[in-house]
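Each chain carries a letter (A, B and C) given by its place in the written order, and its residues are counted from 1.
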Amino acid sequence: MKHLLSLEDLPRTGIESLLGRADGWRKTALSGQQPRQPLTGRTVVNLFFEPSTRTRSSFELAAKRLGATVLNFDMASSSARKGETLADTLYTLEAMGGEIFVVRHAVDGVVAGLAEVCADGTRLINAGDGRSAHPTQGLLDMLTIRQRKGRDFSGLSVAIIGDVRHSRVARSDLHALRALDTGEIRVAAPPALLPDASELSGCLVCEDADSAVRGADVVMTLRLQRERMEDGLVASLEAYFRDWGITPERLALARPDAIVMHPGPMNRGVEISDAVADGPQSVIRDQVSNGVAVRMAVLEALVAAA
Amino acid sequence: MKHLLSLEDLPRTGIESLLGRADGWRKTALSGQQPRQPLTGRTVVNLFFEPSTRTRSSFELAAKRLGATVLNFDMASSSARKGETLADTLYTLEAMGGEIFVVRHAVDGVVAGLAEVCADGTRLINAGDGRSAHPTQGLLDMLTIRQRKGRDFSGLSVAIIGDVRHSRVARSDLHALRALDTGEIRVAAPPALLPDASELSGCLVCEDADSAVRGADVVMTLRLQRERMEDGLVASLEAYFRDWGITPERLALARPDAIVMHPGPMNRGVEISDAVADGPQSVIRDQVSNGVAVRMAVLEALVAAA
Amino acid sequence: MKHLLSLEDLPRTGIESLLGRADGWRKTALSGQQPRQPLTGRTVVNLFFEPSTRTRSSFELAAKRLGATVLNFDMASSSARKGETLADTLYTLEAMGGEIFVVRHAVDGVVAGLAEVCADGTRLINAGDGRSAHPTQGLLDMLTIRQRKGRDFSGLSVAIIGDVRHSRVARSDLHALRALDTGEIRVAAPPALLPDASELSGCLVCEDADSAVRGADVVMTLRLQRERMEDGLVASLEAYFRDWGITPERLALARPDAIVMHPGPMNRGVEISDAVADGPQSVIRDQVSNGVAVRMAVLEALVAAA
């Protein structure tokens, strides 16, 4: 693995190997041990063209725990580029000694484009590009499912509910769930928020939230960007919550041991109710913790491959 | 001590113990020794909902000197929350591994509210909430007085002059001075900038600056926010300086060995004159140095209590 | 050397000594060795009153590689000062433990002014002030020339082309080239972008780009700020590129082994063409790498002198 651009590029064994390593880092953290520091002396650059304090912080903590020097290069709020091309920005940071770049950009495919022009020794991690992919989020979601449901996903029914159309999180989850041979992948969203059918191969499209949740082992709900309302794709937050929000009543349709996931940040009362978010079936904070562990595993794997 | 929310919660012995530890860190710094690093492997999160480069930097240096990993989470300029509740932001950072949170917020009581919902192992430090409290500033001010005037405050006359009404610094100073049984606490301000009488128990309210300064051992002046003029609470900066500013003429009324303090940043020519700010009685830079030492002591105490 | 304010203050031997040390750091980096860390326990403050993610990052990496604790104090986007004087900002950061200050400011001479008021043990590095000086850029340019053309500059012809008038980079390059007894220094710019003649002592002023490039060993082109067009100093970017841009056709007039330099960030198609920027004669990425090495050498020298 030279870069991590999308989970589409990773075979099942590759995903499982990363999850295994991440599980190890998670256990090290819980044990309170000082971790090994395989990135000592390495420079990780957080190159964010879209602001994201949350994802950036998760990568920053992961890299620092591995001993790396971290440089935050926030292009969203900086005038650093002043007309410079994206590739020149990358070349400049490579020339300063940057080795691993964690890149977020609002435009689909930009990170893959940088992978074509970067130096031979450079490693890129896609931290979210447009609506395309957010592979470390996909991995942390799989790790969270695995911790609760075991390694064999073939008997699981996973429901993804919400704005799948605009979600890079959902796309990476779909790639990973398929790669891990998940028993049933259900997708449910208002029509305007469903993706093109070509993206849903192998998925069961459900016409409403209840039928998606019924009997599911895993209920993943997605953040609803408020822009969707401004764009007229959603009539009102109240109606959305009534029809698509995960409430205790709706969750009661799922298996009794079903888990509920959300990539955060949550809009409480829009896509999820307080009682579910804070309830015993919620694994939302585990997702965040697993995020740091997954990013440690990815950073380590990329350095080992260098 | 689980959190440091306000000096009201601390008994005299608690304050004196922290001052003693801070004095030790100050001496380590002056000796040029590398300090012990009791926070190695710990993660300190600077969670600032109000911008403050100065206080954030002081905490950042304190934490780094103790060996901590520091994550700056600047909510004032970030879009990280995007509708997320304050508690969810905290839960997310806890799940990432944040252990000690240094929190500043514009609204009174917010940090205390977070203390009610945080995880058991989490430690919170109030770095300023609304007009209520700024306890590390109160501690650094006491440390500065103690270094010049000795541990026994019972013979001291301390004058606090300026916008006490809107000042969390003054509130924390008042708590600390009372806890340390200060001989006389004098307060002087234009009527519109005096707090409610209920907050001045044990204080001598002076009608003008001269009577507050006369014979004082310690003269504390406060920053005048320019908003006060816009709000009509102060007629003009010139008149304010004439009536309430600390000038050499006014300072001559105090004891010859009186010290002058200011929490910074200073408006020279408004609440203090150049000659006083840079004069031999000013201990303003000591306050800043003591700030780092006090924060080291607080961080260490919270970790030791964990 | 107490501070690095301008290369005007440095004799030839001082410059050559720094270049020698920087070359050593460059080789350490290329060898993949962990460098010595002579700044362990030291605090370097990046005090930027003008935004510059690029230069700030270069200094940050240099300082961290030497083991320093780095504090980024971004005054351009912060409300930290709130009316505070520049000197008080410096005094505050000194009192917190800042020892080496890397300062950028939009006004000429500000860094030199701080050098007059700072504490005895403080060390200042000018990271660019107004149009006056950017000494580490001058040094990194000299290191880049030396790596390709050898230590003896007396046989070299160096052409500087572009907006010399507004460029602190060009001023520092001119100081360094003169100090190193460069054979011929040529300067070419549209009349409105030429500096006063008094600044061009020892330079050959060329009337057009072709005559400056013809037979040159080194072609330095400068960034054209878009403000120059708004100010009416440049008619159009197209005309500028035609008359002053470095294209393969123009570069063919130089010596076959001539190198092309640019301080970045580049406006491709304005002051330089893609083919030249990415071509075999371009040493632009070497300049960036040398920037980190030069800054390591300067930081080390200032600490050694303390």
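Heads up, the rule we're going with is that contacts are C-beta pairs under 8 Å (C-beta built on N, C-alpha and C of every residue); 3 or more make two chains touch, one makes a residue touch a chain.
A quick note: this is a predicted structure, and the numbers were derived from the prediction, not measured.
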**OP:** Note the rotational component of the Cα superposition from subunit B to subunit C, reported as an angle of 0 to 180 degrees in steps of 5.
**Re:** 120
Original post:
Do the two copies subunit A and subunit B share over half of their interface residue numbers, or under half; same or different?
Top reply: different
Subject >> Distance from the mean Cα position of subunit B to that of subunit A, given in whole angstrom >> reply: 41
**OP:** Hunt down the residues of subunit B that sit against at least two other chains at once, touch-wise.
**Re:** 77
**OP:** Would you tell me which residues of subunit C are touching subunit A in their complex?
**Re:** 29, 34, 51-54, 57-58, 60-61, 64-65, 77, 226, 264-268, 285-289, 291-292
**OP:** Using the touch rule from the top, collect the residues of subunit A that touch subunit C in their complex.
**Re:** 40-41, 43, 69, 71, 73-75, 77-85, 88-89, 91-97
